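Lettered A, B, C and D in written order, each chain numbered from 1.
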């Protein structure tokens, strides 16, 4: 029972701190671009403001349009509850393994795209079409990452995976280098960041995700934004858990949890830095260059798989 | 294998007749005039009748006399007479069939004789010289008559060829097995008769529908259309 | 066994009823479909009974050959498929009366429909009950023939006739392959009862031949690439409730036949077979979904998705064969269970989707998605059920499609246990293809639901569509609920499939369900676990809490309705929406080589009314065709025509040539024998 | 006056009677009545054989056993149903003025005459008489083929006459050789030397060289009438140009009878070869049959694809099926033979049913050209569905009997010649495609404007199809017993 309680707390912590990560990255980017940066907690303000506003819904839409944000947010929360943030072996982590985790995002995306089509605007259709295309290309790459890791650790369950990496001590695996890179690329694509998408613009040619949420307003928009920030954070934590899990609380105790929290915070901050730098140095790709980008990710994943089979198992 | 001069006289007679029958079928192959064709055919029938009679005499089988008479009446007299009447009524009396590669046909005929001899050879073990040759000869006659049917475009000559085949069979039956059972003989004779009559009917049907007796004109029903 | 026999008996009864009440009014219609429904219930009951029976139920019918009466057998495998038939048949017979109402005044006698539907169902039920080759073939062909008549039901359209012919032709060819397979088995075992075949000593060579024949024969029926061509033609042609039966059940009967051959009749599988099945499955899955993406005829699209899902099923079967051959019965069981689970799932959601398409067709007489849109406002009930179907087929949690696909992935993850390094390196690639397939399927059904039900109506018929009657709604609702139930209560389902695994590969998944109904742990708890009920609860909870916290605010300022913002471009019209073609365009660009694409844009400038105002009309035409037609089917047809022309040369029509024929034949014959 | 003689006398008398009756309105009824009486007689005959086994007539001219008695029954039955069908059909032809009083007299009289010759051929014990009967069958039908006096009809008749005549002449040569071989044996009266019974009994002693030679000629001769490729050329012409009832009986019965003759002879030859297996391959006759059968089967199935005339289409399908049966008899062995016997039955039932429907269809459309026959199901559902289902049956779809026999045949082949099943299956597929690609447009779709419903009598079709369906679902025990006895006669070993 206590376990469940802890799990609930961790989940709450997770989604609560998600906007923080977004704000942090934003701040870093501004810093790198010599711009005056908004405060780190700016995202919280935005969310609060959006929740405060009242909702305008297009009259061409149906109940699905209003249901979607809750489903998206619910999926995000559920996903967050599965990923070990500060402590492993919480009961919720058994609800789903990595594959299911990916499926949660797919579910959210499914409803997002439908909602985009609901209003019947050209933008919505455009966004939905592009989003589904890119997602379906990202999926196999992601799976290969998961696959390689799972074959190494013989599990797809995140907590167990963490155990495996911890238990094995620090092992330098050629396959992990490849798949870590692949995971990063996929994460960028999935969370709609540069070079695949640019959340900051409203230009028809550049936007994918934004095109889908054009019609949303008020709390609906807030939920969607929040869900996206959570998603970004989940990918970050996923990366951390799989490849650099050290410091995470193994047995539950106040000290361990504190250490775990600090560790994960540090690691995420660093990841954020990496992301910010990459986004500043890179330019957005044309839509039809994205397949090449994801194909590269896929190839990395496959290389990881091969190097695992050939070099590590023999 | 015994040579000819040790054979009894009637065997020699049969062999002579066999040779003559064979000759007639060659003659059929060579003959181009309608009337000539029919005449030769009649002669062939006559020779058959003679052979039958000779066999009947030598073996003393009564019923062979009957079939000899039948042959004479049917093959030598009635059918030729009927055919000639058709020729006259169809007004093709003086029609001459142009035969392409006449010599070639005759050589092919000769080859066929050799072939049938070769086919009949294995039977030597179980029969006297006479019967073996009889079978060889009759087989030759059958094949030659088929060759006749193949080379002629005139419906009437095809009929003659058809009848000549029957002659060959009959020759085989008479010489090698001394005739078939009576009931069969009669049945065959009846069939031949009916066939002859029906052919007559068809000559006129043909003339009415395609106003000619040229069988090559009968090529409406075909599959390779393109 | 009597109950099992009751099912086909009732189906045939409905046939007779259909004969007795030609041009039947409502009463006759309900009688016919009522009998079908009863037959479905009987099948369901008998099937479940057979699934859990310790010893297979045997029986015989005084039919068939004098020395070989029809042998019947109801073991877990046939029980499973029998209950599957029943499961789909019941909703379909709910759907039927309403759907066939419009045929009464149509030009085709509905009696034909009733008669052959009954026969069709009876045939399928007898196939799974058959225990000897002769009865199997008879039932199999009855099934094919009856469904042919159903496909050709609306024969005034040339397309339907063509589809029917293609269907029957390919079905026949497939049946011949199966027959040959049986022939080889019977030759080995010296008997036509399945028992004799099982008992037979099978050399690997002959066994492989049999397997190849079975894969071909049942593959044709199941619609594996490249022998799938009939499927996208035939399913749209048939009336929708029949399409639901064909796609939902008939393909499964083909799967049954394959399983019966590969796992039961053939004693020891070779790992090569597994690879073959896996390959066929992967190719079918990927190509199926890619072709589906390019369709804008709703029923055609669904048909292509059948190809895809059959592919997924065969992937599972292939893995199972692979593991059986390499002596890992537990994993073999896992693969088999995954495949069978997906079988039942596909039956459910594909039937649901076809019924939905039928409902739309019934009320709007539209099959072309480009003419639809906004139907969610006109027919909300159908829309909801259809949405459930879409989520399920896109393999999204917590619905049923996801569970089976997840199990398949779990099986894939165990390939590290195989001894062959090559396979270990290649199989992940297949898994990645499967992932790609799943994602593309999701994209495709976003397109379907979005274009058909959302946005603005694109044609008059659709604008005036009305919700369908109670029976048809009930049918869809029933299937939708089943989709959810099979998704949420995965553990009991896996438990139920255990006897089949035990019978076929000698192992069951006790450990998979060891931790109670909440937790599905296919390999081991620490390896992977999934709890569908909690997922459902979690999403509901999270979403629910938020919406409750906003309750007050919603009361203060209610949601305001306004015309869409659309980045400020005003004047939204139906023609400005993304069409199905447009939606799939990026994917078409990316996977271009897969299809045979003809795309032309012609602009005609008509100068109506002077130079200043000349309108430019741009006409855009796009044709996406199946490459396999050119690669496989047309050459065969051409070859047959060529040889036919050659053969007919001997029939010259000139009698002297004929005489030469017989003359030469005689000479040759004489020469031969001496 | 026992059933056997009655079976023969009735049609003969009927022929004469109808010749007298001529073109009276009740001629068709007389025709039906005589056929019915013949059927009754043959049923009695069949029951007799069923009880007391094989029987010979006094004088041993006729011989009846399980093999030919069921063919007799079949012939009488199809003869009756076809007579029933020919009533409305010929009446309609009469209205269209295609036939006159004289031809009607000829038609009815010859119809019975034809039945008589076939029954005689089946029951005759004397191979010579068998030959005479078969030749007479040609003579009886040749005028019926040219009944319509169109150029095509006359041409077809002429080809039929010449080709079958030449062919049958070869058969006579073969018969003479048989007689020759038999007659050498001591202790056989020349009068009884040609009796099949005698020969079969003495087969072991007959000289194989002569018999092989004889078989070659007999195969060519009777094979021409069976319609084996490349001797088949007359068959499609004769079937397509004559009146449809004739096509039905030609296709459904005459071919069977000719095949029957071949098999009877094969039994003797096999006996002799088996006894002299040191110098000859005992399977020689069988191999010849297999070769011809396979050739006919495959070539005919290709021919199906290039047809334009509906009756030609189905006559080629007849060639295909005769090829299949010939092949089966060639394979030998109980299973194949059983299958072949069954196939004889179901094929003649189905094929005659098809010709009945096709005849009506041609009258509906006023032409036999398939391009002008469209949408039969709309114009006259009974005909359309009859044609559709009958064709499905002939294409070998269960639950119809044709499938059963093909199933047996295939499995028998699989046991003795596994690799030959491949061409067989390909051929079946090709043949099916050839049939249905032509059939479907005729029955489905929209009818052309010049199609009008006619007065039809589909009872024969229904009865035939019902029987075929019955045979497909379950072969009744007595019939199975029959076939088995026949199989025992032919191959020496049975199945049951």
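Everything that follows uses one rule, which is that a contact is a pair of C-beta atoms (placed from the backbone, for glycine too) under 8 Å apart; a residue touches a chain by one contact, two chains touch by 3 or more.
Quantities reported herein were computed from a predicted structural model and do not represent experimental measurements.
Counting hops only between chains that touch, chain A reaches chain D in a minimum of 2. Per-chain Cα centroids separate chain C from chain D by 44 Å.
Each chain gets one centre point, the mean of its Cα atoms, and the points for chain A and chain C are 35 Å apart.
Measuring from the averaged C-alpha position of chain B to that of chain D gives a distance of 31 Å.
With centres defined as mean CA coordinates, chain C is found 70 Å away from chain B. The multi-chain contact residues of chain B, meaning those touching 2 or more other chains, are 119, 122, 146, 149, 215, 218, 220-221, 223.
Contact with two or more other chains is made by residues 158-159, 162, 166, 170, 213, 236, 303, 306 of chain D. Listed for chain C are residues 645, 648, 651, 655, 659, 662, 666, 670, 674, each touching two or more other chains. A list of each chain pair in contact follows: A-C, B-C, B-D, C-D. Every residue of chain C that touches chain A in the complex is listed here, in rising order: 373-374, 376-377, 380, 383, 387, 391, 394-397, 402, 406, 409-410, 412-413, 415-416, 421, 424-425, 428-429, 431-433, 435-436, 438-440, 442-443, 445-447, 449-451, 454-456, 519, 525-531, 534-535, 538-544, 546-547, 550, 553, 556-567, 569, 572, 574, 576-578, 582-587, 589-590.
Across the complex, chain D meets chain B through its residues 61, 126, 128-129, 131-132, 135-136, 139, 142-143, 146, 149-152, 154-159, 161-162, 165-166, 169-170, 172-173, 176-177, 179-180, 183-184, 190-191, 193-194, 207, 209-210, 213, 236-237, 240-241, 303, 306. Within the complex, the chain B residues that touch chain C are 115, 118-119, 121-122, 143, 146-147, 149-150, 153, 215-216, 218-224, 226.
Taken in their complex, chain C has these residues touching chain D: 62-67, 107, 109, 134, 137-138, 141-142, 144-145, 152, 155-156, 158, 161, 164-165, 168-169, 172-173, 176-177, 179-180, 183-184, 186-187, 192, 640-641, 643-645, 647-648, 650-651, 655, 658-659, 661-662, 665-666, 669-670, 673-674. Only residues 119, 122-123, 125-127, 131, 135, 138-139, 142, 146, 149, 155, 158, 162, 165-166, 168-169, 172-173, 176-178, 180-184, 187-188, 190-191, 194-195, 198-199, 201-202, 205-206, 208-210, 215, 218, 220-221, 223 of chain B touch chain D when the two sit together in their complex.
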